[in-house]
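Some notes on the structure that comes next.
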Amino acid sequence: MKYLARRAIRAFALLIAVSVLCFLFTEMAPGSFFDEMRLNPQISPETISNLRSRYGLDQPLVERYGHWLLAVAHGDLGYSIAYNAPVAPLLWTRALNTLLLTTTAMVLTWLIGVPLGVWTATWRGKWLDRIVETGNSLLISIPEIVIALGLLAWAVRSRAVPIGGMISLSHDDLSGWGKLRDVLQHLLLPTAILVLAGVSIVVRHVRASVGEVLDAPFVRAGRGLGIGQVRLLFRHVLPVAASPGITLFGFSIASLLSGSLLVEVTTGWPGLGPLLLEATFARDLYLVIGGIIFSAVFLLAGNFIADLLLMASDPRIRTGGVNAE
Amino acid sequence: MRNKRRIRYLLVALAVSHLVVVFAGFIAPCDAKQQDRSLPYAPPTRMHFVGASGFHFRPFVFASLADADGYREDRTREYPVHFFVKGSSYAVFGMIKSDVHLFGVDAPARFMLLGADAFGRDEFSRLLWGGQISLAAGLLATLITLTTAAVIGTVSGFHGGWVDEALMGVSELFLSLPWLYFLLGVRAFLPLHVSPTGTFFLLIGVIGLIGWARPARLVRGVVLSARNRNYVSAARGFGASDLYLLRTHILPATFSVLLTQAAMLVPLYVAAEATLSFFGLGVSEPVPSWGNMLAALQHYSVLVSYDWLLAPAAALVVTSVMYGMLADALDS
Amino acid sequence: MNKDPANSRSPLLRVCELSKSYRRRGSPWQRGHVIEAASHVTFEIFAGETLALVGMSGSGKSTVARCVSRLERPDAGEIWLNQTDIAQLESSDLAPSRQRCQMVFQDAATSINPRFTAGEVIEEPMLIQQEGSQRERRQRAQGLMSEVGLSPDSADRLAMEFSGGQQQRLAIARALALKPSVLILDEALSGLDLSTEAQIANLLLDLQSAHALAYLLISHDLALVARVSDTIAVMANGKIVEQGPTTQVIGHPTAPETRALLGATESARVGLAAAMGMTP
């Protein structure tokens, strides 16, 4: 329990630190942000003065931070000049799209990666294992952008899967099931890219940790006692090998919002990535910072969940043993 | 040991490939910026050995002529490939000037090993020149990251106490930031139109300063365990100063960690530069980099029709695989 | 055990009321508490003499060793090393005393930097104290190597190529480099096989008589202690519970902790005493 409380406080402190960083970003923007808004004929002077007073630009720094923090806590993440709309709703819809993509990819990655990792770990030493290991190392080395372009090239040539965007032009005319199928079809390519890029890391980690445990004395003792291979694997090896995997899983959760930027931009998936990229070009500061806050919150939440999972699975941490922090 | 030999071979291979890139000016037949608007998307020039007068060892090429549906070879004249030709001038490391190129053909034919891009620029030459930018970005950013990590990790591990807690807290903060988004954020509030040199240094500065957290923790771990070793206590017993301890006993222990981290970070950072340039946030035209060369492929029609433009992707893979193998070998 | 009966000079090492405690850091959930690792420890060692500090793990022996060698600063008490009380000196003032008292650690492998050559290991203290030229240091190092039973020609071999016993010899040679008068042997003979242990013990005894050194021997091995030391101090919970000449402490232990250390059964104690050639 103490461990949990400590981790929670840590996560909270980090959140505050990230928020301070983001706040300082907004403050440090060269030239008044509002000067740029003023130049935009679409925004009326009243809106500008409203926003100015709302953001209290004439108050001391700490007070401004307080106001900003309060606003953020209430879901008000500022105003986007490029879209001429408040930031938070913009981010939400896009974030949900991103989550759809990344969650699907993550589930698939782990569903494929873990069994593959465990299975190949049991082959250790055989020549098949060498091939898998070399192949996996190769796959890990290939940069994500190459995987993306490669799969994209294949997809465009073979016309096997629809490319670009989340829905086709005729989406609204489709039936309920048709709409679902449409989205799923568009999901295929970006998911495939993410899975290919991520599965190799999962396989490597799982293989390494399971392999390590397989060599442990208590496993050899179990084998000596005559415990069958399968029972040994599931009841004795996997629970122990799980810990580093859970940490990795935590990382996966943590990057649910931020890990798919490249894929979204190249395949045209309407997620957080393309939005923030445009925002960067448009120097739409509040949008970019809103995006950072969103994904940072996710990251911290993901790490915290990972801590929870780790605590639940590893009794050594619960009892404050050697491996506890 | 087999591993040591492997590391040696890999280092040689890496050195050779980096040298090729350093001497891009010499090896590349054309200037990276030289356009030829009459040859957009020209396919790779083919080398021939059998001509009108039979077989000769010296290969030759034909000029390319635009056609109704692509290009064809103009067989009216053979252009032999000459070696050590005079061509456009260049400077190695910006200092040694020359205008000798390894190979080339007489005008108006062009020997384009990997075809041409949208503006008729020789893809092969751009690949080599772009490699300078991309590899330099990776190496320099790695240098920045590892220097920062070494300093912070050593101070943290050696000093301990509140300094250690503070620095590790900051490192955890950096680990919590979604780095790509953070990069965008920093890029967003800096002026958009910086000169190519400016963007380059901006890029490596930002990439380098974001990634120090994990290596710093590793360095800190090594320093902590070295600090508690009895040979350090013994040296203290001889009256050694902290500086001596750091210099002689503790820092040398960090070298292997730093080296392995370097082998892991360089390909990561080269890919990061490529990604950012691909988005248009990195090195900008007309300076080539593997990333902005790949940006042309964002149009699906280009992606499908002109295979040779994927060359930078292949270069990225080769670089990453070589460094990856080095990292694996160093790890064991 | 070479005790010069006419040695009525002052002790080479005198420790008075040495105390050191550690505070276990508290947190919002748990109050920190204080561990008294050593309290009111007092003893003295003369030239050519060995005092053994024995006790169970956690009795405070290592703390005393670290305080005497000033790897840590004691909270209270005096440590007299050749007319200087080094207990509360600042690090900058410790330099001259450093060479008088040196420590040999338990595990030679971790007390020597594996990247160093044998010569570099022994020369290091002289290098740090900037004594002599490089050639002089090298010559002295080689001399020390032969003195501890190692071949001077192997000075350029990497330290980690030596065996465990040889590495401990290196550590001893290194400890002697600055010509100390007091050596602290912190479990220096533990972890060695019996024959190596015997060889090193004999080496140490020879060196002691050759250089009139005072030894503070930290150990939990009573058989060894019985053989090599002149005086024994038994520690428990940070305090010395019994102190006296070896024959007396082993033959007629008074403190319960001493008895416990000597073995539960009376016959074990009798056997040990008999092995030492004493009548029970």
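Chains: A, B and C, in written order; residue numbering restarts at 1 for each.
The definition used in the following text is that a residue touches a chain if its C-beta (ideal position, glycine included) is under 8 Å from a C-beta of that chain, and two chains touch if they have at least 3 such contacts.
Nothing here was measured: the structure is a model prediction, and the numbers come from that model.
J.: Which chain is most remote from chain A in terms of Cα centres?
T.: It is C.
J.: Looking only at C-beta pair counts, which chain-chain interface has the most contacts?
T.: A-B
J.: CA centre of chain A versus CA centre of chain C: separation in Å?
T.: Chain centres of chain A and chain C, defined by C-alpha means, are spaced 57 Å apart.
J.: So the centre of each chain is just the mean of its C-alpha atoms; given that, what is the distance between chain A and chain B in Å?
T.: Their C-alpha centroids are separated by 27 Å.
J.: Can you pull out the residues of chain C that are in contact with at least two other chains?
T.: Residue numbers touching two or more other chains: none in chain C.
J.: Residues of chain B touching chain A in their complex?
T.: 169, 172-173, 176-178, 180-182, 184-185, 187-189, 191-192, 267, 270-271, 274-275, 278-281, 291, 294, 297-298, 300, 303-304, 310, 313, 316-317, 320-321, 323-325, 328
J.: Which residues, counting only chain C, touch chain B once they are in their complex?
T.: Going through chain C, the ones touching chain B are 69-71, 94-95, 98-99, 102-103, 105-107, 110-113, 115, 124-125, 128-129, 171, 174, 178.
J.: What does chain B use to touch chain C in their complex?
T.: 229-231, 233-240, 244, 248-249, 252
J.: Tell me, which parts of chain A touch chain B in their complex?
T.: 10, 13-14, 17-18, 21, 25, 28-30, 137-138, 140-146, 149-150, 152-153, 156-157, 163-164, 255, 257-258, 261-262, 265-266, 276-277, 279-281, 283-285, 288-289, 291-292, 295-296, 299-300, 303
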